[in-house]
């Protein structure tokens, strides 16, 4: 298929395709980060992850409406405020859910799966009842739209850059929080030995609640960012759930590095195959590849080897 | 030395209370419902009962063996599609399809420029092969998946997520390969089975009774498995997998067996679904139906064979009547049910029955049942392959 | 019983021959180039401070952990290449540190599952609870002092009874090599006495490896003691010899 | 179900009287069926027994129809507009005196985005409620699921969505366009006005886009002398289109021809815009975006693109002005009206006209009388039912504006004949 293109065109293709892969990588990573914290650190299967993301998207929508109607002069920066709001609103909902539901289920991971699926149904219907069944269109400030031309053919999407920057910032923040801060140590202590952590004076309930809240909050930010590239409707969250879980599981649940590596692998595979094959087949092959690799290497890409 | 025969050491595989339970269910399904409901409602029950096959499989697979599969829709679908392929071929006789450019092949193939029947459709001209395929094809598929995963000790949450991904993959494949599968519309307009028109009311009533008959047979099979040593090994495995392994059992082969069994049961349900409803589509294969089928089992009581049947009937009945009168509320109800069944009554209807009803009925039947439902902590601990457990 | 000079040709005299066994977890060698040999009908006690690798050694023998290098031969068969259930079927039984029994099943069913018949899928489906099974279960139950609790759900047993039940589950398999990980831990004094009594009856006609901390108990039963420290053998020999070894006193008894 | 009339004891006393009275007036239905009476002039109310020989739910004052759409589930977004349009049409017909002197009463059932539920509810409407007609379904899958039910129990379905064709049934009236009607005129137009020769086809992966693209490809290659520079399908719900957008950039087609649906639609257009493809410069023609979809995509992301439909809310004709005003009055100022919504609105009207032409509610008579029914007051303009039960209709191309409305830039001069089994396009 390349014979008809010149060398410069070909290099442009690869550049653009590489960039598309990086955007997809950022999107996957952003989706998966919140879940990686909740699933990886707490062992909770949060099937309502997508719905938390959509809550973030709705928060963004309403923030944009508010700015449009009341302070149109500041519309250009509403997105940052929306993301902060999204973080706190979804985080708060997450903490409420943890308190009402999840904390009773830490010893029963499969049951958290069922309960959070129930939660996702309730949230979907809630969105439908409150926000209406139709998708809402989130208007973006004009500076976030469009692309920067690098060469004649190569163009760089601004929102892609934005998502990438956001992803890097959040990943770094999470890494610092988890591996450098004392709070991160507490989280890991609770994960490894709840009883012992309690015994040495860590408030395990509080750690659980804030960890879950943090994971949900990050989901909210992701949802907020995805208003740039995807749809916002009551059932939009469902579109993300399988991909997200596969990224986290494929990475090896306990490691942030694993999640990054797996998001990278899956996104590059999918983006490359999409270029050469039809979209449906690319999707099937990517999923199948992940499943087969998981069957051969169930512990995921990265794993801390432990004595059983 | 006299050996006091333990109570549990019975010779027949059904305990008296099981026999009463099955008899009551048979009475309900074979006599009470057909008399009480009109034809239209009875066919609803018939459709619900096809899901009960899946729930039954999940009791063995999830309740007893602790393997939660979120991909049972795959097997339900495989069974249903096998049957649908047979019926479609019968409905696509050259006389019925003479307006097509290639008469004698299913209509959707003709629309997709397929000019001859694909090879894998060919054997489905035979009813014998189809019947066999309904049971064997899903079992083979389950075997491959189970073999790959259980031999490597993938379990718990990982297994659940991978099976869920499989459901997603199969759905995309079926929709994408519409020339061979009918795509998103599924295989529709199925008319007759060996010349017997399955669309008439009388046929549907007969199919209802066949469905009930098969379900009762599968229930007996489930009881047989449950009360055999294999049933106890499954319970043992869910509790202390390592201990079973170090008692000389190849744990993975037992898991594979029960997973295949659950797959075949689901597939029988799928085939009966196709026969009764008259079509099969990818919307029964995907993630959402698969996880809904889990809730039937959970509501019935994940450890109770009969509970699964009642759970299926109850949830579906609620769905139908709720969504008729308050369509907006149904999802709240279903979502709430998921949460309630986990938080409030983890052993479902059967658990409620055990704790509240049976003790009062106990004197009537002579002795309370000993151990049908485990205490609330019964849910199996997920043993992910990398569950960090400190040694020493 | 000469274990000072060992050559390969002599291996067949041993029930179990562990040679050059090493396992490492992310670079940490939990067991490091370990070799020891267990004779027929010998009772070997492994002692050592926490983290010495005692349980890991048992895990390696029964196949729960895969060795990085080294060999474990049991009656001429290489265990490192076998799966857990095959090792069990070859005649190795293992009791875990914490009582590992099936809480949801009755005592009878616990023992019945361990009965070495019907271990395949088909076998388990067609397994009949015949008189031979019942008699054997009864016999074992009497040995482990649980004859009156056969219909009891195992979760209602006391801690000591659970330990006995697990020992009983091993006995019913009639293994040639029995490995016990801290069989008296957490037991009351009277239970401990009964357990010692129990062990003395069941060790006949088989080799036994015991991990134990209780020195009094070790003294009672051991033929030979192996002291592990940081994955290596620190000392080996009779209880008296080991107790006199200055290295052992240094790292273990001295504390 | 049809045994009711054979058994007079089951009939109410009033109906029995009417039945007897009927015998004395055999001429009325004959007059009616001869078509001499157009609807407003229908002065007398014919006897129930005369207009309803098959035991449908028709009384002296009422006739019951069914509305069968998804109110819950993923399809609820799309189907809401259809329900609203059908209710509006029914209300208007009732305000004009109903059908054959009988007010229309509707029973609404929820298909819940679930195909067996559609089949069950269809059966309930036909068997239990004995409705005279059903307005309903949206997706092809739901129509395929109910079709055998309608054929078996001899019901009448008015189906509103533009669809892939390849179907024709005595028991269905297709009020939307079949694929060739929608596609060919649009392609001709873009070929002519934009001198478009190369086309990039992209769609969601299911039967309607695939069939449509197949027709488009044949037309492009065989009749327009153009070429298809790419053809891509993505799973429903797919949200990542950057790779295909790169391919589009690379192949530089004259026209992007799109049939992406649902949540994917939103993602596709947002990412297209973000990638710097300006739809005012790059011609994009879609067959899957109506005013309804723009709501979710956002007008600024779609402005400049062309959509090929038979109806746009902005159509400038008196029928449409009345319709839009009435619709907004009933359902609120903010509602938008898409192609399917308008087609759904036609259903009750076409049925009313057919009943009056046939002088009977009997399904067989309606099926027969449908061919040739004309509805000049349709918001899209004059339409007529073809003997193949599809509609003769015009096709239009609209260019999307920032406010989410379309500016009509092209309209076929003549009505296009529906051709569900197009020769040379299969």
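By letter and in written order, the chains are A, B, C and D; residue numbering begins at 1 in each of them.
Throughout what follows, a contact is a pair of C-beta atoms (placed from the backbone, for glycine too) under 8 Å apart; a residue touches a chain by one contact, two chains touch by 3 or more.
A quick map from chain label to UniProt name: A = Urea ABC transporter permease subunit UrtB; B = Urea ABC transporter permease subunit UrtC; C = Urea ABC transporter ATP-binding protein UrtD; D = Urea ABC transporter substrate-binding protein.
Owing to the predicted nature of the structure, the values given are computational and were not obtained by experimental measurement.
Q: From the C-alpha centres, identify the chain that is farthest from chain A.
A: That would be chain C.
Q: Return the chain label for which the distance between chain Cα mean and whole-protein Cα mean is smallest.
A: B
Q: So which has more C-beta pairs touching, B-D or A-D?
A: The comparison resolves to A-D.
Q: Quick check: how many Å separate the C-alpha centres of chain A and chain D?
A: Taking the average C-alpha coordinate of chain A and of chain D, the gap between them is 39 Å.
Q: With centres defined as the mean C-alpha position, give me the chain B-chain D separation in Å.
A: 38
Q: Between chain B and chain C, what is the separation of their C-alpha centroids in Å?
A: Those two chain centres are 42 Å apart.
Q: Where the centres are mean C-alpha positions, what is the separation of chain A from chain C, in Å?
A: 48
Q: Which positions in chain B are in touch with at least two other chains?
A: As it turns out, chain B has residues touching two or more other chains at 172, 175-176, 328, 331, 391.
Q: Two-or-more-chain contact residues of chain C, please, as numbers and ranges.
A: Chain C, residues with two or more chain partners: 56, 59, 64.
Q: Among all residues of chain A, which ones touch two or more of the remaining chains?
A: 128, 280, 283, 304, 306-308
Q: Please name which positions on chain D make contact with chain B in the complex.
A: These residues of chain D touch chain B: 71-72, 109-110, 112, 114-117, 119-120, 123-124, 127-128, 139-141, 144-145, 147-148, 152, 166, 205-207, 210-211, 214, 233, 235-236, 421, 426.
Q: Touching residues of chain C toward chain B in the complex: what are they?
A: 50-51, 54-56, 59, 62, 64, 83-85, 88-89, 93-94, 96-97, 100-106, 108-110, 112-114, 116, 118-121, 124-127, 129, 134-135, 138, 150-151, 153, 166, 169, 173
Q: Taking the complex as given, what residues does chain B use to touch chain D?
A: Residues in contact with chain D: 40, 44, 47, 99, 101, 107-108, 111-113, 172, 175-176, 178, 183-186, 188-191, 199, 277-279, 281, 283, 323-324, 327-328, 330-331.
Q: Can you list the residues on chain A that touch chain B in the complex?
A: Contact set of chain A toward chain B: 43, 45, 101, 104-105, 107-115, 117-126, 128-129, 192-193, 241-242, 245-246, 249, 252-254, 280-281, 283-284, 287-288, 290-291, 294-296, 298-300, 303-304, 306-308.
Q: Quick one: in the complex, what on chain B touches chain C?
A: It is residues 1, 3-9, 11, 225, 228-230, 232-233, 235-236, 238-240, 242-251, 253-254, 257, 371, 374, 378, 391-392 of chain B that touch chain C.
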